[in-house]
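I have placed the structure first, in the form of structure tokens, so that the comments after it can refer back to it.
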Amino acid sequence: MWSFFHKLGSPPWLYGIAGTILRYLLPVTLLALVAGMVWGVLFTAPDFRQGNSYRIIYIHVPAAVVALAGYYVMAIAGAVSLIWKMKMADIAMKSCAPIGAALTFVALVTGAIWGKPTWGTWWVWDARITSMLILLFLYLGVVALYEAYDNKEAAGKACAVLSLVGTVNIPIIYKSVDWWYSLHQPASIKFTGESSIDPSMLYPLLLMITAFYLLFTCALLMNMRAEILQRERRTKWVRKLVEESA
Amino acid sequence: MNAPSTPQFCLRLLRRQLVLAIRRPIEIGNPLLFFAMVVALFPLGLGPAPDKLADFAPGILWIIALLSNLLTSDSVFRSDYDDGSLEQLLLSPQPLYLSVLSYIGAHWLVTGLLLALVSPLFAVMLNLPAAGIAALFASLLLGTAVLSLVGGIGAALTVGLKRGGMLISLLILPLYMPVLIFGSAAVKAAVIGAPAAPYLAILGAMLSLAIALAPVAAAAGLRISVDA
Amino acid sequence: MYFDSLQAVLYMDGHGPYVWAAYIITVAVILLILWAPVGRKTRFIQQLQGELRRAAGAPNNKGDSNASGS
Amino acid sequence: MPLLAADNLSLERGGRQLFRDLSFKVFPGQLVQIEGANGAGKTSLIRILAGLSRYGYEGRVSRSGAMLYLGHHSAVKALLTPRENLAWHVSGEADFSDRDIEHALARVGLYGYEDVPSHALSAGQHRRVNLARLYLSQSPLWILDEPYTAIDVTGVGELETLFAQHARAGGAVLLTSHQAMAVDYPVSRLDLTAGIAS
Amino acid sequence: MNAPSTPQFCLRLLRRQLVLAIRRPIEIGNPLLFFAMVVALFPLGLGPAPDKLADFAPGILWIIALLSNLLTSDSVFRSDYDDGSLEQLLLSPQPLYLSVLSYIGAHWLVTGLLLALVSPLFAVMLNLPAAGIAALFASLLLGTAVLSLVGGIGAALTVGLKRGGMLISLLILPLYMPVLIFGSAAVKAAVIGAPAAPYLAILGAMLSLAIALAPVAAAAGLRISVDA
Amino acid sequence: MPLLAADNLSLERGGRQLFRDLSFKVFPGQLVQIEGANGAGKTSLIRILAGLSRYGYEGRVSRSGAMLYLGHHSAVKALLTPRENLAWHVSGEADFSDRDIEHALARVGLYGYEDVPSHALSAGQHRRVNLARLYLSQSPLWILDEPYTAIDVTGVGELETLFAQHARAGGAVLLTSHQAMAVDYPVSRLDLTAGIAS
């Protein structure tokens, strides 16, 4: 067990193992994404209330779910980096932010597009939607802060502090926005009742959620590999690797 | 000559920050003038129908308080970083948590507290019903303290950046939002005759949390950003 | 297959543009997510290769301190 | 026991190795001048020794006892007077009595300027406010980055005498400067120009 | 080597300022993010009811544009003053009027223009009726240019103060107000189907006036400030 | 014809008379060092001569021909590279070709640093970026306020040689410095320490 943690802290080992994992995981991910999308778009029956526009659910919900989960991954990595001073956690945290931001963006855009045919408007100030927007800002904050630091080791630490502060705030933000909405405004627009979801819609949705989790994992590993190389550019193993790839 | 006790040192810091603020008279008066001018902007921009304004007064006043806090947060550690005082503070044997708290406390005294004190005046200018004024005052008192604390984290993380620009607003505005929600809700509740106490209690809870954690984060941020 | 013609697939009872726009944007972002680290890695390797070559070509040359801003 | 010990310090910045495996100790009574051309890495080294730079270098630094660090920046607040700058100094080192402060300001040639706002001082007077801390300090170890910047000839002479005095009294001074020191006290030199020093 | 022609010199200055802005990526993206975040503040503070929001959307968008301009104006000459470049500019044989215009132009390009370009997005988020969007875009395009020019005067006058940061907002906010009034009026007119052109024409007239006079005032302000 | 003529300059600052009825001329071929202790009024005088201070003094200054002024601040933008700093210099003096810029940077020891962001330079390297303008300048009159600040020994030597060269070629240099000049060219001295100088 301890030796495993020890290895986790070793950049060349992590670089190698991530490469191996990716070799198998990436094709699976792409397959799952394509299969899920084709299934969802072409092979399911339309929703009886929303018609064909509901097919957006197969990308909207997975993106939203994974974007939210991504923040917790990032914050945990940040905590590990600060508490145990583990360099690799730092790198994982840094690598989460752009992926999370991109997925949040997807959730927002697909939601907005979905809103037009169903609600007749691109945007409403619904609790969940608003907190998703705030999540995007939190992600962008981490990305921007990292970019603004020249000393990347310090940048990692700064982002770790920021993401931890964000973690304390995410539940507060979520609760407060939720509560704010219910206070002011009798919900004139509601998400579709999810309880009645039909298995024929559920299975492709579950597939897509899984695919997005896999996508997140793959992108995270790829980003980490690139980052490891950059941080370890002075070491012998990176130089050897680079010379070999020439 | 022996090292000062920690409380003494913190008082000294607080006094120093306050004197610095007072030496630039504009720094003290400015949040207020800013408040006044933006209060004047709203009727200009939105149209002066008094009933509409009264409806929105709690939200507007709170948004202005938030913006004026945002505008000044960046300066909490900035000049000390620029002239090298911050390095000295980091090397000092005193607990950084308390030093940071003194800086933030001074910031709150010259922005948040002052703002809360004059807010009734502006509330009247925006036709806020009298019932809401006490709640406005109390919520600003508590809420701006949270804002200053959270702003201190952002200021600490960005103070050393050459290429930071206005990064701080991106970092802290999302964190400001819960305060805005509960602050304006407290006033709204009071206006319609509902009890404002629960909202104030939540603001109080946020403040306790922020006092406990924000200086820790800000202190860590300072140590990191002198190395940016 | 739920639809009977390509037309129907594209049109989707009027919802086609929305659905397809959403999917196209999503696919584009997914490709971007996956391509970004690949591009970063390739660029890094090229850069480091150049640096190593320069270092090998010009031993103890004071001018090789040409730092990149990264 | 050394006041400062550097153990195998290596630093690379901007693609250049500034120093490698640098180890040295500073004992009470020592006056050490770090030398090197512009960009040799003096400031980088000093910030590591003072504990301000914490990332990006290899090796270990250990210090014992209190330290006084004066960097490139003067740490003098323009809006405060010299007196206030010293009385409310953020280093939290000690509480200086008003008499001590006046005395120290007089020593750095600021007699009569105690209550002028510091932004109305000349460049050299501005730096002298900070240097007055040397006359107030109780710390055995002084780490100074170019203390002579903007100081006139008389001022430099007085500072050198002070450094020698401090070393004689059992303190140690580690400083960078581009001027050769002209003081009747043995000065150790640490040359960084070679890139790899010892 | 001979002295550059004046247009060449101004282009060089413009390029320099733009590169400086781009080097801080956050500086470019920030007015937009700031816009987005403050747009989000309003529903949070005022309540999310879409019809109410739509009513206020023109005013809110204009107020935000104004605030984000206000936030960034201070930086037009600040860094050049701090590092001594401004002294060099004043000693240069080139006409200061045009140099100042280049600085302000660069500021407008990275704030006002960008803001105008993205404003339709935020208009949709605040449920602004589609009819108002063209007027919003046009009024922002003209109006932010006036704001940048006026802001330049304030920046020039305060840059030499030991800490002008917020003083600038005091000096220039009153001058911003006419722009706010006509800008939001143009949008409101378009929303209710009335012609927006008269308001836009007034903004255009203000812009001409500002281009003619503001750089003169700013140039004089700079000469005074370096002597402060 | 003198490049610079000061006529009966008097200045009082902070209640102290810094100089009174100061008149002098600087002719082509002259190397003038303004001397004086910290706070003597060197910077104040130089800013009046350069035309930056326009209020609060008495007397007249007249200049003929172009002037290059380098003040206490380095006028180097931290976000730009040395190359960009010179190419886009705001003084609007001249268009420098890229080759000239590289040459000038090499002369001040920044070969290889042309494209590093200036904030990643050391204190001395940072100032050297600005000093490179001396190698590009066509102005006959140079007015320099403490040009040697943060510059290492070699750098100071090179600058002195350059000043002598410039004077020999018919230019004139007026500078302040606390270091005595060690150059084989006659240096005129203007001493402000007396308070009232001539």
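By letter and in written order, the chains are A, B, C, D, E and F; residue numbering begins at 1 in each of them.
The rule is short, and it goes like this: a contact is a pair of C-beta atoms (placed from the backbone, for glycine too) under 8 Å apart; a residue touches a chain by one contact, two chains touch by 3 or more.
Fair warning: this is a prediction, and the values are worked out from it, not measured in the lab.
Centroid distances built from C-alpha atoms place D farthest away from chain E. Both copies, chain D and chain F, contribute mostly matching positions to the interface they share, with over half of the numbers common to the two. Taking A-D and A-C together, the chain pair joined by more C-beta contacts is A-C.
Averaged C-alpha coordinates give centres for chain E and chain F that are 37 Å from one another. Work out the mean CA point of chain B and of chain F, and you get 45 Å between them. In terms of their C-alpha centroids, the spacing between chain D and chain F amounts to 28 Å. Listed for chain A are residues 134, 137, 140, 144, 147-148, 150-151, 154, 157, 177, 180, each touching two or more other chains.
Residue positions of chain C touching 2 or more other chains, listed in rising order: 64-67, 69. Contact of a single residue of chain F with at least two other chains is seen at positions 72, 78-79, 116-117, 119-120. By the touch criterion stated above, chain C contacts chain A in their complex at residues 1-3, 9, 12-16, 18-19, 21-23, 25-27, 29-30, 32-34, 36-38, 40-41, 44-45, 48-49, 52, 69-70.
In the complex of the two chains, the chain D residues touching chain A come out as 12, 55-56. Of all residues in chain B, those touching chain F in their complex are 162-163.
Those residues of chain F whose C-beta lies close enough to touch chain D in the complex are 13-14, 36-43, 72, 109, 116, 120-125, 128, 146, 149-156, 178-179. Within the complex, the chain E residues that touch chain B are 23-27, 30, 33-34, 37-38, 40-42, 44-47, 55-56, 58-60, 62-63, 66-67, 71-72, 162-167, 169-170, 173-174, 177, 180-181, 184, 188.
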